[in-house]
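Quick one: this structure, given as structure tokens, is what I'll be asking you about.
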Amino acid sequence: MNLDVNRIKQDFPVLQRVINGKSLVYLDSANTSQKPDSVISAMGDYYNNSNANVHRGSYQLANEATAILESARDKVAGFINANNRQEVIFVKNATEAINLVSNTWGRVNLNQGDVIVLTELEHHANIVPWHMLAKEKEIEIRWVKVGDDGHLDLSNFDTLIDGAKLLSFAAMSNVLGTFTPVKEMSERAHTAGAKVLIDASQYTPHSQTDVQELGADFLTFTGHKLLGPMGIGVLWGKEEILDAMPPFLGGGEMILNVTKEGFSTNDLPWKFEAGTPMVAEAAGLGAAIDYLNEIGMDKVRSHEISLMDYALTKLQNDFGDSITIYGPKDATERGGVLSFSFEGAHPHDIAQILDEDNICIRAGHHCAKPLMQVLGVGATSRASAYLYNDESDIDVLAEGLRKVRDIFNPN
Amino acid sequence: MNLDVNRIKQDFPVLQRVINGKSLVYLDSANTSQKPDSVISAMGDYYNNSNANVHRGSYQLANEATAILESARDKVAGFINANNRQEVIFVKNATEAINLVSNTWGRVNLNQGDVIVLTELEHHANIVPWHMLAKEKEIEIRWVKVGDDGHLDLSNFDTLIDGAKLLSFAAMSNVLGTFTPVKEMSERAHTAGAKVLIDASQYTPHSQTDVQELGADFLTFTGHKLLGPMGIGVLWGKEEILDAMPPFLGGGEMILNVTKEGFSTNDLPWKFEAGTPMVAEAAGLGAAIDYLNEIGMDKVRSHEISLMDYALTKLQNDFGDSITIYGPKDATERGGVLSFSFEGAHPHDIAQILDEDNICIRAGHHCAKPLMQVLGVGATSRASAYLYNDESDIDVLAEGLRKVRDIFNPN
Amino acid sequence: MAALDDLYKEIILDHYRSPRNQGELDHPAHRCEGFNPLCGDEVIVYVALNDGKIDDIKIGGQGCSISQASASMMTEIVKGKSIEEAELVIHAFKEMMDIYETELSGNKKIESTVSDIDLGDLEALQGVVKYPVRIKCATLAWNTLTQSIDEVTNTSL
Amino acid sequence: MAALDDLYKEIILDHYRSPRNQGELDHPAHRCEGFNPLCGDEVIVYVALNDGKIDDIKIGGQGCSISQASASMMTEIVKGKSIEEAELVIHAFKEMMDIYETELSGNKKIESTVSDIDLGDLEALQGVVKYPVRIKCATLAWNTLTQSIDEVTNTSL
């Protein structure tokens, strides 16, 4: 039932890396995940054997490249249980996916005085595009608050969502680890007549994702946090909504006809994929999904729960009041992300000292400055785990934190 | 002085591929180029050793990843002779680069009744974004005509450019191969008070590119035609113009500060690079530039001239009036792109028959439908060569065309 | 060249060189355009419907041998047929083609109820199935005819 | 831990734990904010200028030990200095730091004309140079002070 983490670690070349005699303890997967061999070679294989431009050629390489791209789309559609493959749009990252929606659906459907609802735990990728639109269109942004327990405070949600055109929020916080009540919020938003965008950038790597079950209108995520390559992200949207949207970027692939007078758009999904797509990255993302499916997302999730359980207990036991861990205290309510403050030491210093032992964590605002303000800090330290981490990694982390204490609080 | 093409071919793994007992004759580089080993392994090495998110971490992997990304930027800046590295923006492809300009500079600077000038030989990537803007802003698009000789007809250029705000055009046609008089047109446009965008997607792979010499305000190109990976493109712009532009996509990396009330933008180049960038692709593009620099762009160009010279002569000799070759007849006036019609056989059929012998050419409108209308055809066949092609490839192509004739004109 | 011979059968080349029912029909015949964005093929289907019957049909546009021959053969087989009969033929032809299109475009495969329809000359196009990208060429005119019929029957309702 | 000891010298930790000149200055003192978008460090520099002299200076905001200690030491060394003297110090400090910043950000290296200035306690920050990403921490307050001086001298012109 449990993951064989030792075997899994072998699949990840970078985890074999030794720096200054110390092996790598990678605890920054919420930032970007490492890639298994199968993902790296899927990309290499593509360039070594089948590289060609897609949808355009009538020779074998071009057909192979097209099949590689489109079969990756099928894998993504299956992975998130999309109704059909046309609903899966490849973009360069989750950030582009959200900007695509704000620039097309948003520009057409939101007008002066309209309301959209975000939450205080959003990543900048799900804030800044709406700020830009808000400024252009003079729309109002309302914010769902984050409570002291690290959960969204839904007590006034019906008031917030009342009259709103869109609810856009993260299914899992990249700082607190909190899983938000996606299904409930989607339903209540729909009842109020709002559309729903789910930023699943942190969610897809950690949990079985079912767009139909979650009840969203749009869902976005990014390949590089999901064992896949950088340079590829996904926008999923309901077919009838995508169909009604104007195009985003204009150029090759997304057209049916172009004259000097105008153009007409291609069918979904290509309507939103202007220019030469990232075929190698799609191959890599497809291989990442294969890898995760092979293991099973349920196992990834249960491994994570037990690992987070261990980490929460261990760090509290070892450091007591010196450590403040943010977010829900129950491992079942959170993904593999653990943000904390450590008395007397700034996150940047902590990360630097840990780096001396080849322990990789992230220090900073995690692209969630509004949330930092809520937490009343400028930055936090964040250790984030994935299927290739085990309890020994947490032990090394605790070891490293003792060194931090020795430097900053040596009494 | 000449290129050692046999040795170069060895550097490209895909060129070793044999299908149905026949080796690959790749003549579709204007569509996408093949990648040398060094490019493919630069990407693999990145994932095997240094993968991490950039600009965010304080551990060694993150520093390495940042250095890889930023040193690729330095290489690009050097390759196009940019004044400084801040002027080099990484995007996903040339299409995004042009859309970035139309969405930011265009939206701010173009208003109802304003005029922009394009040419009839543009790729859809340099047409559709302007159609979209023209519709939104009610601006006028004027077209520089293409003459019978495959060159731009500049006889009425001063009238066209008079009062225009922007001239946007390709430095080399992806259909005709024509090099356009970039420097002259830029100067005349500047004199008329227009800004100049150069779509150098086809130009950078074939010719030494010097943004200062060319005199543009913006220049765009795409990695995958330049021996680099898919999923990365470049927008270069003059610093003071980029500085004055509003941001394009909103999210991480491109901000200095975000609050619930608004945001402020980061410095160049990051202001225009929202979200996690494509680090592996940047590594690959950097390696591609190294490879080309090692060989020397002047040699690439002179090899191409002699190869095109050979091809033009050979095809005319072998097929006489049955073949119509588009574009300038003088190899020094064109890049390695050869579009043609072949009597009685449709391009798609030609490509299919050539594929049987593992010869890869492209058939279609080449994302240049307005140009197809000018040429009076629905599609052309296009063979395009690069530094790994030699005369034997042209001979095999001619051989293949004889088979086409046997099927379609067997008398 | 065995596969190529299978693709470029003499009858296909004949229809390509001498397309049947080429040209235009005047109003009130229905006009419908189809594009293949991949290769630039373009077809214009004109249909004159009368009492639910395809009285006349003409084809304009340009394209490769497969798309032109397929369009030409299509006009021959549907001309004079009732809409219902024509739809059965369309259905049967797509079934012959759809095997691969399913894979590439994810469309649900049409249910197989029409396998007994005689496609005549059109059987020559079976060789196309081995060339997945060409299926779009072979079906372009057919999809445009379908769209045309849809448009006419919807407006006349 | 040798490199770490070099980074976290006692004097740096001392300035971090007990920052000098912390707080705010009221109008008409000049207020200027600086951000390090990487790690979220934030510094607010208040300067009271009089007759071209830095009469008083205070620091607000929050950040890591390096940015806080650097800001604290900066206030000590520039307080009471003329703008010209302060600029020389800024120059000298950046020169000590800039070796790596050049590589990462492509800025032209400042010309070396100030190497004879005594930086005192600030020399303790030399260890930062081995940690390229931390250079931005060390220079944050300094860049903000530069900006502040620019803003004041430009508006008073």
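In this document, chain identifiers A, B, C and D correspond to the written order of the chains, with residue numbering beginning at 1 in each.
Following the convention adopted for this analysis, contacts are C-beta pairs under 8 Å (C-beta built on N, C-alpha and C of every residue); 3 or more make two chains touch, one makes a residue touch a chain.
Since this is a predicted model, take the numbers as computed values, not measurements.
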Query = Hey, what chains does chain A share as contacts with chain D?
reply = B
Task = Would you identify the chain whose Cα-based centre sits farthest away from the centre of chain A?
result = C
Query = Roughly how many whole angstrom separate the Cα centroids of chain A and chain B?
reply = 32
Separation of chain C from chain D, taking each centre as the mean of its C-alpha atoms, in whole Å = 75
Ask   = chain B to chain C: how many Å between their CA centres?
value = 37
Key: Distance from the mean Cα position of chain C to that of chain A, given in whole angstrom   = 45
Ask   = When you check chain B against every other chain, which residues touch at least two of them?
value = 56-58, 255, 257, 348, 352, 363-364, 369
Task = Among the residues of chain D, pick out those that touch two or more other chains and give their numbers.
result = 38-39, 131, 134
Request  = Could you please specify the touching residues of chain C with respect to chain A in the complex?
outcome  = 35, 37-39, 104, 106, 132-134
Request  = Name, in rising order, each residue of chain A that touches chain C in their complex.
outcome  = 55-58, 63, 66-67, 70, 74, 84-86, 255-257, 266
Inquiry  = Could you list, by residue number, the parts of chain D that touch chain A in their complex?
reply    = 1, 3-4, 7-8, 13, 17, 38-42, 62-66, 68, 131, 134, 137
Key: Residues on chain B engaged by chain C in the complex (per definition of touch)   = 344-349, 352-353, 356, 363-365, 369, 372, 378-379, 403, 407-408
Ask   = In their shared complex, at which residues does chain A touch chain B?
value = 13-14, 17, 19, 24, 26, 28, 31-32, 34-35, 39-40, 43-44, 47-53, 56-62, 92-96, 98-99, 102-103, 120, 123-125, 127-129, 131-132, 135, 141, 143, 222, 224, 229-233, 247, 249-252, 254-255, 257-260, 262-263, 274-281, 348, 351-352, 354-355, 358-364, 367, 369-370, 373
